[in-house]
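Letters A, B, C and D name the chains as they come in the text, with residue numbers starting at 1 for each one.
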Amino acid sequence: MPLTPEQQAEIAAQQAQTAPTRRATVPALEEILYTALPVLDHGFVRVVDYMGDDGAVVQAARVSYGRGTRRLREDAGLIRYLMRHRHTTPFEMCEIKYHVKLPIFVARQWIRHRTANVNEYSARYSVLDREFYIPTPAELASQSASNHQGRGTELGAAEAARVLEILKADSGQAYDHYEEMLNERADGGIVDPGRQGVARELARMNLPLNTYTQWYWKIDLLNLLHFLSLRADAHAQYEIRVYAEAMLETVRRWVPETYAAFLDYRLKGAELSAQAVDVLCRRLKGEAVTQETSGLSAREWRELAERFEL
Amino acid sequence: MPLTPEQQAEIAAQQAQTAPTRRATVPALEEILYTALPVLDHGFVRVVDYMGDDGAVVQAARVSYGRGTRRLREDAGLIRYLMRHRHTTPFEMCEIKYHVKLPIFVARQWIRHRTANVNEYSARYSVLDREFYIPTPAELASQSASNHQGRGTELGAAEAARVLEILKADSGQAYDHYEEMLNERADGGIVDPGRQGVARELARMNLPLNTYTQWYWKIDLLNLLHFLSLRADAHAQYEIRVYAEAMLETVRRWVPETYAAFLDYRLKGAELSAQAVDVLCRRLKGEAVTQETSGLSAREWRELAERFEL
Amino acid sequence: MPLTPEQQAEIAAQQAQTAPTRRATVPALEEILYTALPVLDHGFVRVVDYMGDDGAVVQAARVSYGRGTRRLREDAGLIRYLMRHRHTTPFEMCEIKYHVKLPIFVARQWIRHRTANVNEYSARYSVLDREFYIPTPAELASQSASNHQGRGTELGAAEAARVLEILKADSGQAYDHYEEMLNERADGGIVDPGRQGVARELARMNLPLNTYTQWYWKIDLLNLLHFLSLRADAHAQYEIRVYAEAMLETVRRWVPETYAAFLDYRLKGAELSAQAVDVLCRRLKGEAVTQETSGLSAREWRELAERFEL
Amino acid sequence: MPLTPEQQAEIAAQQAQTAPTRRATVPALEEILYTALPVLDHGFVRVVDYMGDDGAVVQAARVSYGRGTRRLREDAGLIRYLMRHRHTTPFEMCEIKYHVKLPIFVARQWIRHRTANVNEYSARYSVLDREFYIPTPAELASQSASNHQGRGTELGAAEAARVLEILKADSGQAYDHYEEMLNERADGGIVDPGRQGVARELARMNLPLNTYTQWYWKIDLLNLLHFLSLRADAHAQYEIRVYAEAMLETVRRWVPETYAAFLDYRLKGAELSAQAVDVLCRRLKGEAVTQETSGLSAREWRELAERFEL
C-alpha cells in the first residue's frame, strides 16, 4: 500500500484545485495529474507538473510569435521530420516533473541520467519509512548465460522461496536495528530516554539497497525520451523498466504526436552498422550471405537475422 | 517598431485564450504572459511559458505529496535558508521560457550560458529582417581606461555622430547587398529572374553583428538567477544588461519570495576574500589598516573601501 | 596565410619541449600536437592537449587498478561492443583540446554543442584581425530546391563574380570603419590623436559574420564523436564540415580502435524507422513493395531505395 | 587493507612506465600519480590522469598560440583576477581523473555533482567485495540539536559499542546471504552445484549502504573546485569531507597558483547578505548594532558575530 490516507488526502486536495491559465494545457494529462501510478510493490510515479505540448515543439521549430501551429497534419509532419533528422532542440522546449518512489538500487541507475533536476528525500534530515522492495517469485531468475549483466531462467520454487525469506528477514532486521540506533520511531517517538541515538546520516548506512526512497525529478522532453529509449528497452533491468513503461504512458497522454514519432523512429526502429547494411544489400540482390561471409560476429548476425527474418 | 500588426494579432489571440489547469499558476505573471517587453531599439523579451512558483521550490525541498506549503512566513524562511546555504536543487524545479529578439553580438554573449535550451531563427532556412541595433548617442563611449573590457566616458558629439553615420550606412548597405545576393526580398519576391541567387546560408555572412536575430530560450530558475547575477551586474555590457533588467522584473512577478532572497543574498550581497575579512576584523577592532598593510591589491582595496565606506 | 612568423615560432617552441610522463601517451597524436591544420582560407584546427587513449576507454569500462588492457583483439572487441550498445560513459574518459580559428557564422553553429568548454578571443578586450572568409567560386551555390536549409547548384560565373566582389568590398569597408571608430590600428597605434575612439565592445558590431574569430575548445571523446557525426554529415553546411573532417583525422590518430568502431556503427551505419524495417523484411521475402504500399513518404522512400539499392 | 598484492603490482607497473610527451606536465603530481591515498577504513582516492596545469588556465584566458605564460608573477595575478571576478571558463581547461573507492551512501551524495564523467563498478556484471565502512567510535555522534541534518555530540561508550556491534553483524550477515543467494563466492567458485543462484542484479539489493563501491571519476578544474568548496566545508558529512580533503591536497600539487587563489577567494572567504554588509558598515562607523536592530535572524547574527569577532 504505497499511500497513507493523509497522503491521498493531500493529493485529492491538489486535484480539486483548478485555476485559469493562458498557457498551453493538455486535458488528457491534466486528468491524471498528481495521481500515483503504482509500480512494483510499494513504488509509484506521478506527474506533478508539465510545461508545453506538441504545439510547443512546433512553435519553437518555427520561432513563431503566436501558437505557431497550422493544420494538424502539417504539425505532425514537422514533428516526424524533426524526430527523423535528429533536430533535437525543439523537443527540449517541453518539460515535465515527476514524483517517484523507488528502491535505492533503482535510484542509483536512474541518477546516472545527468540532464535532469532532482530533489531526493534526505535521510540525513528525516527518518526513512519501513518499506522494502521484495520481488515476486516470478521475477527471481538466475544470472543470464548469454548476457553478462542480465538475468536468465526463473529460479526453482525452493530456491526462490529461500531468496525471498532472506530478503524479507534481512530487511526487517536492518530496519529494527536502524530504529534502535536512531533511538527514534518513524512517528518521531523516542525509544529509550536513557540513550542519545545516533545521527540519521550515520544510522542510514545499515539499510539495504532495496529500501524505498523518493524524489522529485524534472526533465525536458528530449532527455526524457532518451531515458525511456534506454530504460524501456528489453536490456534494461526489470525493476527500472517498469517505471519507464509507466512513464511512456504519461508521454502518450501529454504529446501524442511526438510519442508516435518516437515509437516509429526510435523505440521500434533499428540501428544498423555499415556491415549490416552491406549484408542486407547483398541479400536483397539475391546473394546467399551467411554469417561466415557476412563480416558480422555470431551475435550481431543472430540479432540481424532475427530482426529481418533472414 | 519591433512588432508588425500580424505579430501583435498573433500575440493578442494567444492572450485571449484561457483554459482551466490543476497546475500551480501565478496571476501576476499570467498578466504579462506573451507581452513583448521592449528592449533596445528593436528588441524585446516576452515570457511565453512557465512551470512552478515559489511553492514549487518549497515542495521540492520538502519532497511532499501535496502542495507542501505551510504558513507564508515559514515558506519564505525556507526559501531564504536555501538561498543562503546554496541548497541549489530546489530552485531548479521552476522553469521559464522566453521569446527574445536581440542583436547577434548580444546573442553571442548570451549563448555562453550553456545550461539552457534554445531554438534560434535559422538564417540557413529563412531570410533575416532588415533590422539593426543602432545605439543612442548617450550610449557611445570610449574604451575604459581602468576596465580593459568595458567602456569609459561618453564620446563627444562630433565623434558620436560619425559613429552613428557609419553604423547606419554600413548596415543598410550590407542588407542591400544581402538582398541582391539572395536575389530575394524579405517578402519572398524575386529581384531579378535572370539570376539564381546565392544560398541563404552563404548570403548571411555579409550581415554585421548588430543585425537582430531571435530565439526561444528556456531555463530553470536556478540557472536564470545565475545568468541574471552576471548579466544584470554593472560589469556586464550595457546591451545585454538591459535584457537582464527586463527579465529581473519578470522574476519579481513570478516568484516574489525567491526574488527577494536573491536580491539580499546575491545581487546586493558581497563576496569577500580571506584577506578582506581580515582587514574588516582589524578595522572593527580599531586598527588603522591601510592598503599598504592590508595585503590587498590597490584595486581590491579601493573596491572594499567603497563598499564598506572605510 | 593563417599564421605570422611570431605565431609559428611560438608553436615551434612548444613542439620542441618534451618531458617524461607516467600518463598514457599517443605518439601518432604527439606528432601533430600544436600543428595548425589549415581549414578554409584563413582558418585552422590544432590539437593543443589530450588525455587518455583507446586504453582509457577499456580501463574505465573495466574499472581496473592498472592499465586494464588485455590482448589488442579483446580490447578492440570491447570497444566495438560499447559503441554498438551505446554504453556511452567509457568514451567520456578521454578528453581533447583544440585551438580553432573560424568565421563567426561557423562559430555560431559550433557553439550550439553545449557539452564542451570554450574560451573565445574577446572583442571587448582586444581588436580583431583584418581577416574574412571569402568562399572560392566553386563553393558559391544557389538555395537548394529540395533541402530548405542547404545549397543546390553552383552559381554561374558572372553571378559568382558579383557575390565575391560584394563580400570582399563590404568586409574591407566594414574593417576600415571598425578601425576608424576604434581610432586604433591592429598594431595598437592611434589613428587620430584628436579623437577618443569608441569602445571595442561597441565598434565590433560593425563587423560582418564572415570575420574570423578563434577559441580554445575542449571536449570529451563521446561528445566529440557526437559533434562529428552531425557536422561531418553531408547535410552540414560546407564551412563547418571541413572543420569536422580535419578533426576526424585527429581522432583517427588519437584513438584508432574507437575511430574504426565509430565509422562502422555511426558514420557509415544506418538508422531505420519501424516502417522502413518492415519494407526491407517484405522485400527480403520477395514482396514487390512500392512507395505507395510502403507507408513511407516519398522522401523517406527515395532515401531508403538509394541506400539499399532497391 | 584496501589493496591486494595484485592490485599493488598493477599500480607499481603503471608507475614504472614513462614516456616522453610534448604536453604540459606537472612533476609534483606525477610523483603521486596512480598512488592510492587512503581514506576511511577501506577507501582511497588516486589520481589516474590529468590534463593541463596553471599555465593552461592562463593560455586559455589569453587565447594564445604558444604556452601563453609570462613572468610567474603576472600569471599568478591573472589567475587571482579570474578567480575573484568569477571568470570561470579558463578553469574548465584543466581536467583530472580519479579512481575512488567509497561507501555507497557517500557515492550517493557524490553523484549529485552532475558535471562530471563517471564509470562505476557494476554489481549487475560483477560480484562486490566483502568490504564495509565501519566508523571509528570517535565518529559516532548523536543527531545535532541545531543543524537538522548533521551530527552533534559524541555517543557514550556503551551506545557506541552497540552501534558498532550492529553495523558489523548486519553487514557480515547481509554479505553471507548475498553469497548464498548468488551461490557464488567472490573468487568465482560455486557454493552449491544443486542450485542455480540468483542474478547479480537481484542479489545486490540485500547489501547495506555502507558497502564499498568504486568508480573512475573525471572532472574539469572549475567543477572540481565547486565540488570541493561544498564537500570540504564544515557542513558536509564527515565521510565525504575526508575524500574532499585528500583531493584538495592533489589540487595543491597540480595547480598551486589556482589552489592558492581558491583558498583566498572561496574556501576561506565569506559571502555576506545585503543586511550583513549593512551591519558591518554601521559597526565600522561606531554604531552599536545588536541582533535586534540588525535585521538578521538569530542564526545569521551568530555566524556573522563569530566570523567578524563582533
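Keep in mind that, in the parts below, a residue touches a chain if its C-beta (ideal position, glycine included) is under 8 Å from a C-beta of that chain, and two chains touch if they have at least 3 such contacts.
Values in this document were obtained by computation on a predicted structure and should not be read as measured data.
A.B. asks: For chain B and chain C, which third chains touch each of them?
C.D. replies: Chains that touch both chain B and chain C, as defined above, are A, D.
A.B. asks: Using the average of all C-alpha atoms in each chain as its centre, how far is it in Å between chain A and chain D?
C.D. replies: 29
A.B. asks: So, what's the distance in Å between the C-alpha centres of chain D and chain B?
C.D. replies: 34
A.B. asks: Which chain A residues reach two or more other chains?
C.D. replies: Expected reply: 89, 112, 118, 122.
A.B. asks: So with touch defined the way it is at the top, what topology do the chains form here? Options are line, ring, star, complete, other.
C.D. replies: If you draw each chain as a dot and join those that touch, every dot ends up joined to every other.
A.B. asks: Provide the residue numbers of chain B that touch chain A in the complex, in ascending order.
C.D. replies: Going through chain B, the ones touching chain A are 3, 6-7, 10-11, 13-15, 17-25, 30, 33-34, 48-52, 56, 59-61, 63-67, 89-90, 92-93, 95, 97, 99, 117-122, 214-216, 218, 220.
A.B. asks: If we count contacts the way the header does, which residues on chain B are in touch with chain C in the complex?
C.D. replies: Listed in rising order, the residues are 103-105, 108, 111-112, 114-115, 118, 122, 124-125, 133, 135, 139-144, 148-153, 155-156, 159, 162-163, 166-167, 170, 173-174, 177, 180-181, 195-202, 204-210, 237.
A.B. asks: Within the complex, which stretch of chain B touches chain D?
C.D. replies: 84-86, 89, 112, 230, 235, 263-265, 268-277, 280-281, 283-285, 300, 307-310
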